[in-house]
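Below are two complexes that have subunit A in common, paired first with subunit B and then with subunit C.
So, the complex of A and B:
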């Protein structure tokens, strides 16, 4: 079976589009929910009505984001069956568990708590409602944890083994899957990126109110929360991103080398390429501007451990492919004769590399018949798209450093009570609104595009995981998604802009007409 | 800002200003579920459930029957 690359490419494109679209909503939910929890905590502690109104107003925008985002993630789960059926079969026993828990948490826990959050203002005491908000924040983040455990297993498959009898991967140690170091690093990095998105959202919209001279007191308080939370989040995202980078350099050396456009292994500690133009054809980086030692220290946390270059990794891969062919041969022997002890012994010895033999399936029907040229092609195919990774990573990091500067300055202005003093600052805060989304999407491009050609790193090539579909079928579903998601994006932008423009004043949430009015007097039935 | 004390000065907010938004969001969620179901129905629903027994899918990893298994690189 030679793989139909059209179906593979289209299925990858469809998954990438739906995933990137879904992740427009996720980080805002992850971040904004903590802002709501902080604001409501201040309300419960101080009893000042303005804090409650802040929760209710930002809660409206949170509700729009949640409703627009809900169900856009489930399409990815369905795609595992529709477009990646062999992938689902091959690793479903491992991958399916965290995915199912994530589904349960997202749909039952998170959605129920969202409902109670919006409808509970009159039905629950202050403290009970606050508890709901905190549980909502925790539930939302735990939901993200499970999907990131599933994703991390694709990057660093641990706690599972291939079973030649069932022809698929099976869990050997669920605790290894759960406490996968890549999952931990990915989780904290991803959620803190979401906190930056939530903080920037509140900061930018509040800055717009101050530019218009509307809801001034409301906006300043919101900006103060956003600046404080945003500064902590922006610092965390960079520090925890470093942890994530360390995990990559430990477990996905080719991805790390591609991010750095490091073609040859440098003497340790390796330098960091601040700027350069990667030339894939000639395997070199033009106009490279190196910062000595930085990459070696960040990537290995030592001064004497080398970071292997792309060419060296390709040479290593050729050896793994050769070993993998032996495992593949042993597997086929075992399928015919399950009692063959020699084949069992060979498979046990080389099964970690069997996935590398499967890379050959793009070039030759039977990997055992591969020529040196086929092996070279398969080894070369393990190099991801270097220019895309190189630039996506650098733009993401530049954004991260910018967020630290912006939130630090915002925090300083808030502490000096000068948030509305400089119009240039307010404009800067407003125009920075899309940047955290850009950084988050680029982060996913680095993570997922950098994993190619693997669906499961070192185990299952992406091209092999695809369903037996025709290109026409994938075009139909892809067209449907593009059309519908574009329409949804327009509706989302219109709704968000409409209710952000209305602001707490036009929505009747602020100013409070009568300070002694019962809590929630102006918002009876809001979203209920 | 000091205001003279002659009653509330703010205009009354519209009654249940967010009720329309709630209805719109519910409709959007329902539309999403309907449209996703439609895509699934068009692309996948009429296909028979695949046979995923090991014996039925092992050809996905194994070479086609016509190739010679003895040949080695």
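So, the complex of A and C:
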């Protein structure tokens, strides 16, 4: 079976594009929904109408974003089958389960409740509506949990075994899949990043009102919520970063070495390269500026565990490829003669490494015919794009540290009731708006681009996972996605800006004229 | 307690239940969307129509997402083969599902007639596309679709998007459109302001009639004009999930299973009774009318599923590669685990969905939309 490399490239491009696009909306949903829940809880506890108006105003922006998140999320659920059919066949037994449970447990909950959240204000008691908001928040966050369990399995596939008769991976221990250490690290890191996005969104737009002298009390309260929630989230995102997941497996180690542009293993604890110019050709890093100990401590949580360098990992990989070829040979023998006990035991011994033999398929049709040169090439192909990972990671971390500083300062100002005292601060808060998105997208680039050449680490190379499509078909869908996603992005941005600019005052939500009047009565014209 | 054969049967039933639930719950949303400019003659009427579905369509469409996810988990080979094989058709369906949420949300965000007209056509497009393509896809199942597996179980597909437009598949598409338009119209008759409801009832009678005629025609054509698939030799129901481990003959009748289990006939009869029920009741007792159109949907999808049994995706190119209930499922462990998840979560889903429908119950009148209170 010859795999069309254009189809691979186009399918990867389409997946990267649709996933990164989807994640423009997801983190805002994840963060904003908790802030709605917090604001509404304050409303129910204190009975102050302003808190309800805050929920309704930020809710309008939440709704626009939520629609985009849902629309772009459906693409993700179906793309595995459409563009990655062999992947879907090969690992569906394991990977499909968390996706299906996500639907059952989380996506259903949030989607069913979101309509009542918007349209149920007059049909539900305060407490019941609050419960709807809380379950909406839980639903969106559970959704992230299951998706990240699925994603973590791609990074660190545990609890499954290859079945030669069905030619796929099958679950052997689901609780290993569920409690995958990579999943836990990823979940906390990713939802915290979402909370930072949500907090920055509220902080920035509120800062804009204060700069304009509009909605002052409304904006200050919103900023206070954003500052406290944002500070906690920004701390969590950095402190509970997902480096802890990097030590658990070979590919994750390779990813960490690439992030560090660390070509040779250093004596522990390894230093962190603050700056440098990675040189892929000569496998060295020029002008490197090292901070001793930091990387070893973060990466291994110990002082004496070495972090292997890229060259050592490549050498290990060559051994795995040789073992993988034996497994592949045994598989083909078994296919001809299912009763061959010798082949069966060889396969059982080496099947963990069979994926490494599949790496050779890029260079030779039958991995058993591979020359030492092919094996070297396949081993080298396990090095991800070092400069991209190196820089993406550093920009992401710099953003993360900046968020801690900004939210800490905001929190300080909020507790001193000085949020509207410094225009430079308000401008800074406003212009920081795109940064958490930048950090979040770079985080995914580090995680997924750094996973290459694997779709499932050590098991299935990305190139083998594609569907049997023609390049023309993928061009057609890719063109469609680019066209419609661009159009929707423009419309979404225009509507977001329009409603943010209108603000609670022009939407008739603020100031609260008569706390007794049924809320929304004066908003019918603007919001219906 | 559950052997592999039982689990596969249960998951075949659950697959059916999920698709039926999707057609029942989201089917009327699509029907209403498709009829938006026919039933709604001015902005206010369209507002009423949309408000009958706006609070709940989002939850309803999750049945589709869940059907996809559950197929991935329980029938991974089916998910991989059907979705990549029907690539461009599915891309169109996907486009409909991408545009619909933003259509609902963005439509009323700008108060301008042209802006609304654009989003109305988006909603109408999404309704028509999904109704038509799902029917056409179902029709193609009986014709067989052109794929084969190699020894690595890598699938190749030899056909284009336009090959799917066989006259029989188009007839099946019409059945689906007529059925879901009826369902949408019955929903409007049940939930919208009485002037619009009466208009909808008239349309429902016509579409129910169209459904009955096309459904019977599709059945007769299936019985006399389209060769059925059958597994050759003794059938292993709990064997290895590898489609290449069997032989398949083509040329029998798709109604063979109906002869084997005569109670299967209850399904098409149910579909037709539903259509007759719509004729009788939609104008007089709208809730009964809506229940009748629901019955119609259940009967139709069951009738198709029973005829196909045990096939899931027959292959016209290499019949041996056809996917059946006995060789396209996940492993025993995954089927069991997923069944557990369904047993825990499905009742909860039904519970909170019913609660939401109860909260948002009642006819939406023209007066209501003049004093709209929502912040959506």
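Note that in this section the second predicted complex is superposed on the first by the 501 of 528 C-alpha atoms of A that agree within 3 Å, B and C clash if a C-alpha of one lies under 4 Å from a C-alpha of the other, contacts with A are read in each partner's own complex, and residues count from 1 in each chain.
We adopt the following convention: a residue touches a chain if its C-beta (ideal position, glycine included) is under 8 Å from a C-beta of that chain, and two chains touch if they have at least 3 such contacts.
Please read all numbers here as calculations on a predicted model, not as lab measurements.
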(Q) Residues of subunit A touched by subunit B versus by subunit C: which partner has the larger set? (A) C
Q.
Quick one: is A:257 in contact with subunit B, with subunit C, with both, or with neither? Answer first, second, both or neither.
A. neither
Q: For A:77, decide between first (touching subunit B), second (touching subunit C), both and neither.
A: second
Q: Could you tell me if A:495 is touching subunit B, subunit C, both of them or neither one (first, second, both, neither)?
A: both
Q. So, does A:358 touch the first partner subunit B, the second partner subunit C, both, or neither?
A. first
Q: With the two complexes superposed on chain A, say which partner A:368 touches: subunit B (first), subunit C (second), both, or neither.
A: first
Q. Now for A:511: first (subunit B), second (subunit C), both, or neither, which partner does it touch?
A. first
Q) What is the contact status of A:96 with respect to subunit B (first) and subunit C (second): first, second, both, or neither? A) second
Q.
Just to be sure I read the superposition right, which of the two partners does A:104 touch: subunit B = first, subunit C = second, or both, or neither?
A. second
(Q) For A:484, using the defined touch cut-off, is the partner it touches subunit B, subunit C, both, or neither? Pick first, second, both or neither. (A) both
Q. Overlap of the subunit B and subunit C footprints on subunit A, residue-wise?
A. 1, 60, 63-64, 67-68, 70-72, 74-75, 78, 82, 85-86, 89, 165-168, 335, 468, 473, 476-477, 480, 484, 488, 491, 495, 499, 523-524, 527-528
Q.
Touching residues of subunit C toward subunit A in the complex: what are they?
A. 54-59, 61-62, 65-66, 68-70, 72-74, 76-77, 79-84, 87-88, 90-91, 94-95, 97-102, 104-106, 108-110, 150-157, 240-242, 330-331, 333-334, 337-338, 341-342, 345-346, 349, 352-353, 356, 359-360, 369, 371-376
Q. Subunit C touches which residues of subunit A in the complex?
A. 1, 56, 59-60, 63-64, 66-68, 70-72, 74-75, 77-78, 80-83, 85-89, 92-97, 99-105, 107-109, 111-116, 118-124, 135, 163, 165-168, 170-172, 174, 335, 467-469, 473, 476-477, 480, 484, 488, 491-492, 495, 498-499, 518, 520-521, 523-524, 527-528
**Q.** Residues on subunit A engaged by subunit B in the complex (per definition of touch)
**A.** 1, 60, 63-64, 67-68, 70-72, 74-75, 78, 82, 85-86, 89, 165-168, 322, 325, 328-329, 331-332, 335, 358, 365-372, 375, 464, 468, 473, 476-477, 480-481, 484, 488, 491, 495, 499, 506-509, 511, 513-514, 522-528
Q: Name, in rising order, each residue of subunit B that touches subunit A in their complex.
A: 8, 10, 12-14, 16-19, 21-22, 24-26, 28-29, 32-33, 35-36, 38-40, 42-44, 50, 52, 54, 57-64, 67-69, 71-73
